[in-house]
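After this come two complexes, each holding chain A, first together with chain B and then together with chain C.
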Partner chain A sequence: MQLKNPKQLATLQKKYKAAEERFPKKVLICCGPGCLASGAQKISDKFKQVLKDKRIKGFSVEALKETGCHGFCEQGPLVIIEPDGTFYTRVKTKDVEEIIEMSVRKGETIDRLLYSPNGDGQRIQRYHDIDFYRHQDRIALANLGKISQCNIEEYIALGGYQALAKVISSMKPDQIIDEITESGLRGRGGAGFAAGRKWATCRKIESDVRYVICNGDEGDPGAFMDRAIMEGDPHAILEGMVIAAFAVGSSQGYIYVREEYPLAVVNLQKAIEQAEEMGLLGDNILGSDFSFKIRISRGAGAFVCGESSALMKSVAGEVGEPRAKYIRSVVKGLHDQPTVLNNVETLATVPVIINKGADWFKKIGTKKNTGTKAFSLVGKVRNTGLIEVAMGTTLRKIIYDIGGGIIDDRPFKAVQTGGPSGGCLPESQLDLPVDFDSLTEAGSMMGSGGMIVMDDKTCMVDVARYFLGFLVNESCGKCVPCREGLYQLHALTVRVCEGRATEADLEKMEKLSNQVIIGSLCGLGKSGPNPLLSTMKYFREEYLAHIRDKRCPAGVCRELITYEINDKCTGCMACIAVCATHAITGKKGEIHVLNQAKCTKCGACYAVCKHDSVVVS
Partner chain B sequence: MVNLTINGKVVQAEEGEVLLSVIRREKIDVPALCHHEAVEAFGACRLCVVEITRQEWDGWCDYVTSCLYPASDGLIVNTHAAKVNDLRKTIVDLFLARHPKCPEIIELAAEYGVYSTTYQTVVDGDNCILCGLCTRICDRMGFHAISTVGRGHGKEVSPPLHKAPPDCTGCLACAQNCPTSFIEYSAAKGFLTIWDKKFELLKCSGCGKETITKVFAEHLCQERKIPFEYFQICDECHRKQLAATMGEITSWDREAAS
Partner chain C sequence: MNHDLSKLPGIFDRYPKHQQSLIAVLQDIQKEYQFLPCEALEETARVLDVPLSKVFSVSTFYNAFSLHPRGEKVLRVCVGTTCHIRGAAQIQEQLESQLNIKAGETTPDLKFTIETVGCVGACAKAPVVIVNERYYGPVKVSDYKKLLRGK
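This part shows the complex of A and B:
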């Protein structure tokens, strides 16, 4: 059905809302990437199979929803019973029948499946009461975990496309741009450029053709915010893009998404078709004379293609190499035409700002960093998952209140923000408010929102080596400072890890880092040495321990450690079973012996020993 | 026209003209390895980096590649600022580490006082400096036969799938413009081989010398509407023929005049 005017959309919303309200009770199964990996699809299939031959008053299979990522990936697969928000964690297929009988039919709670924060038997029933959710503010991720993946009816029932209707029926392009500028929305992709200003610049340029591109090329290791939105709530992105296009006067848009996100590609494509069918996208949107089409452009997963100019080249079918941006891409972008490029999260936030107003949005966050930001909280933190907090929330609150602290109560060592281009911040920076400016000032960056927490078993030199290695492979290889400079920085860091470096090497690394920053062509090279510089700044003594004492304090760098078996050994033979080189010998019940000559320091014995008898020295 | 200052001297330039062209006009020596006037600027070697500032920037400076940065009114350029010299030295040092046997790089590094690299020499580092001139010139010729493939440190120039390129016509534009003569080709017994592809060479009907490849000649005939007979004799014989014809015209003129 093609909607001819905004009024028809309002009628349709009422109809869909009524349809939603037919079933007061709903079962939501999280089908985000984390839960899918731990078997959510099987659980959903089991639900459908069991419900097929069951009749339950006030419930049907229609009230079963496969939603986008709910966020608490650590506890997946998640099943939520609405309206009260009963939160079942680590659900298995064998629990399904019980959930249907007890919770759906009788309205009782299954204690066993509830979340237990400390593992001490105390259980929390509703997800709203769990610390992980309690401290969050959700705007971009608001619909995730609430509606079925790419279901336009549910999206409309929740008030979806109302912002678009408002824009088409009662706002002029300049008003939209003013509203976005007033809201202070900054690009969520990393650099934090004011979205309103970008749109205004694009609109002012005289051109027949303008493009709107959504950057879904999320490439940071450990980041999955954009993926979750693209998979779970694609219509929010489409709505944001249509509003952006209306504001800048564009008729063609692209979503650049990496092929490694197959579900995102499928769901976005489905969403585009659904929206086109309803007249919310395509020719004469909502009966107006405004037309806008969106095509999906699939990338091959090159990290550098997240950089605007490389992305645009890739969309145009060329090699994804950045160009110098002395003329910005908003002036001369895709096919040399003015182009607005916004991140997934930025675009998903736009409809909410239009609906609720800039003043409402400004109240969240800090003065120069308004609104919220989504992060993927990963690493050695208890509650890993997808979160969204108000800007200016401190790292401590994110890691300890939402994240629940470090696994096994080990000491916190560092948090890495901003992906490979970001930096590592130490404990002294834990009270740093998380926003674009504070993080940059501290030597890291916001990036797209990856947040990797590390404990005392992490070697910071090794971390720098890892990220530099990533960048050496992911640099496009066009300009010399990035291609050769990062390669040499990586080689020097490897020297430190292997205990072959001198203090003069440290100076050399610092100097070369600064040259790479000045000399590189694009943002990848210009921020590439950040992991090295920030770890050298905050963890210098660890570098010196590697250099002076030939010692890795965290016990990670292979060349500098030896594994030993002490007299706590119970002779359980577990380490003997995993040792690939047969370096460990011994009989059951007797203390085992490790032959250093045969040991490759793979760490398998260390990982498997339950008696703390394999030690690193 | 705009006025800008280069190394203290006020000079004029076309608005939007790139700095490197103004700098070269002023006979200031700024190195550049990936620049060629026939193709679009690339900004890969970073050697043409210069320091720029403006009165209103209040002492803040930026470092830009002059081959790409457009000239504008009031721009203050320093082609040999201390930081710029330092950066150039680092870049040639990095080049030397990657291409330790490349004569052009060794010579350039020596100009900057770098005689042996301070970095780790790349084992089996070849002489391809990845300036991208060959691929850009090939694109400009309209063939798109070769491209850079791969990413990062493993990037290289190659035909598709490392096999003889179907679109190559053996025009040799890539090899003849390679600043380090890295692209190899051989011509012998009526055949030219480049990128593992063998081409038949045309022979001059006049002197018997081998000229261009048959495929390239056919391409030019089709694209530029040149008759094939044109390629059947070499340039030298063309000149001789032309000289002879010109003589005929002159004599005809004389006859007409008398």
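This part shows the complex of A and C:
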């Protein structure tokens, strides 16, 4: 059905809302990336299979929802019973029948499936009461975990596309831009450029053609917020894009999705078709004379394509090489036309600002960093998952209150933000408020929102080596400072890891880093040395331990460590089974022996040993 | 090597015939054949009216494309940051030594290919290995048998 005016949308919302209310009880199965990797699809299939032959009053298979990422990936697969928010964790297929009988039919709770924060038997029933959720503020992720993936009816029932109706029926493009500018919304992709200003610049340029592109090339390793939104709430992105297009006067948009996210492409495509069918996208949107089409452009596995000018080259079917930006891409972007490029999270926030107003949005966060930011909290932290907090929340609150501290109560060592462009911040920076400006000042960067927590078993030199290696692979090779400079920095870092470096190398690395920063063409090179510089600044003694003492304090750098088997060995043969080079010998029940000459220090035995008898020195 | 090119016209029909469709066309070809056969590149250049050199440069620039046949099972080891600090390198090494190939290579019998990938966004389950389309995680070094057997 094509909606001809905003009024029809309002009527439709009422209808869908009533349809939603038919079932007082709902079962939500999280089908986000984390839960899918833990087998959520099987759980959902089992639910459908069991419900097929059952009759339960006030419940049917229609009240079963496969939702986007609910956030608490660590505890997945998750099953949530609404309206009370009963939160079942690590659900297995054999639990499904019991959940249907006990929770759905009888309204009772299954204690053993509830979340237990300390593993001591104390259990929490509702997810709202769990620390991981309690300290969050959700705007961009608000619908995630609540509605079925790409179901336009549920999205509309929750008030979806109302912001679009509002701008089409009662706002002028300049008013929209003013509202976004007033809200202080800054680009969530990393650099934090004011979204309103970008739109205003684009609108002012004389041109027949303007483009709106959504940047879904979430390349930072360790970040999956955009993936979750694209898969779980694609309509929010589409709505944000249509509003942006209406504001700047564009009739063609693209969503650039990275190759590694096939499900995001499928769900976005479905969402586009649904929206077109209802007249919320395409020709004469909501009966107005405004038309806007969206096409999906798939990336092909190049990190540099997250950079604006490279991304636009890639959309045009070319090699993704950035260009010097004397003229910004908002002026000359795709096909040399004015182009607004916004990140997934930025666009998903736009409809909320239009609905609730700039003043409401400004109250959240800090003065120069309004609103909220989504992060993927991962690494050696107890509660890993997807979170969204008000800007200005401290790292300590995020890692300890929401994240529950470090796994096994090990000491905190560093938190890495901003991916390969960011840096590692030590314990002394834990009270830093998380916003664009504070993180940059501390030598890291907000980036797109990956937050990787590291403990004392993580070697900071190795982390720097890792990121530089990543960037050497991903550098497009167009400009010399990035292509050759990062290569040399990587080689020097490898030298430190292998215990072959001198203190003079450290100076060399600092000097070269600065040259790469000054000389590189695009953000990849300009920020590439950040992981190195920040670790050298905050963890210098660790570099010196590698250089002076030929020692890796974290026990990671292979050339500087040896594995040994001590007398705690019970002779369980587990390490023998995993040793690829047959370096370990021994009989069952007898202490095993490790032949250092054959050992490749792969760490397999160390990882598999349950008796702490394989040790690193 | 000669390949059955009869599926190409169907792929070309899905897109407008110009440079902008190049990446999408190559992706579909790769999906069909698991790699980009030389003859298919020549045909793409002809149909889209793009120089062959440009087709070659695009197919070698992007990591997703392979100019060599890949195995029946593609084991993609995620080497994103989270997977890295949780031991992805050891898993990669174990797979490499079991199959006696390096990442980016295919076993001579065309059964297995090992690849690395920057980050697949399943960090909460790190370290992650994807076998064809299926995600495994958190993977332990000793899980290699399951991965090689897995669908």
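Heads up, the rule we're going with is that the second predicted complex is superposed on the first by the 613 of 617 C-alpha atoms of A that agree within 3 Å, B and C clash if a C-alpha of one lies under 4 Å from a C-alpha of the other, contacts with A are read in each partner's own complex, and residues count from 1 in each chain.
What we mean here is this: a contact is a pair of C-beta atoms (placed from the backbone, for glycine too) under 8 Å apart; a residue touches a chain by one contact, two chains touch by 3 or more.
Since the model is a prediction, treat every value here as computed from it, not as a measurement.
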A:Ala580 touches, of chain B and chain C: first, second, both or neither? second
Touched partner set for A:Arg227, first chain B, second chain C, both or neither: second
Which of chain B and chain C A:Lys478 touches, first, second, both or neither: first
First, second, both or neither for A:Val319, with chain B first and chain C second: both
Which of chain B and chain C A:Ala18 touches, first, second, both or neither: neither
Of chain B and chain C, the chain that contacts the larger number of chain A residues: C
First (chain B), second (chain C), both or neither touched by A:Gln488: first
Touched partner set for A:Ala302, first chain B, second chain C, both or neither: both
Which superposed partner A:Val593 touches (first chain B, second chain C, both, neither): neither
Chain A positions touched by chain B in one structure and by chain C in the second: 302, 319, 474, 476
Parts of chain A lying in touch with chain C, wherever the complex brings them together: 33-34, 36-38, 73-74, 76, 218-224, 227-228, 259-262, 297-303, 314-320, 376, 378-380, 384-385, 416, 419, 450, 452, 454, 458, 463, 466-467, 470, 474, 476, 574, 577-578, 580-581, 600, 602-604, 607-608
Residues of chain B that touch chain A when the two form their complex: 42-46, 49, 63-65, 68-70, 83, 86-87, 90-91, 94-95, 97-98, 118-120, 122, 130, 132, 147-148, 150-155
Touching residues on chain A, where the partner in the complex is chain B: 302, 304, 319, 321, 323-324, 326-327, 471-481, 483-485, 487-488, 491-492, 508, 511-512, 515, 518-521
Interfacial residue positions of chain C with respect to chain A in the complex: 18-24, 26-27, 54, 57-58, 61-65, 79-87, 90, 93-94, 97-98, 117-126, 128, 133, 135-137, 140-142
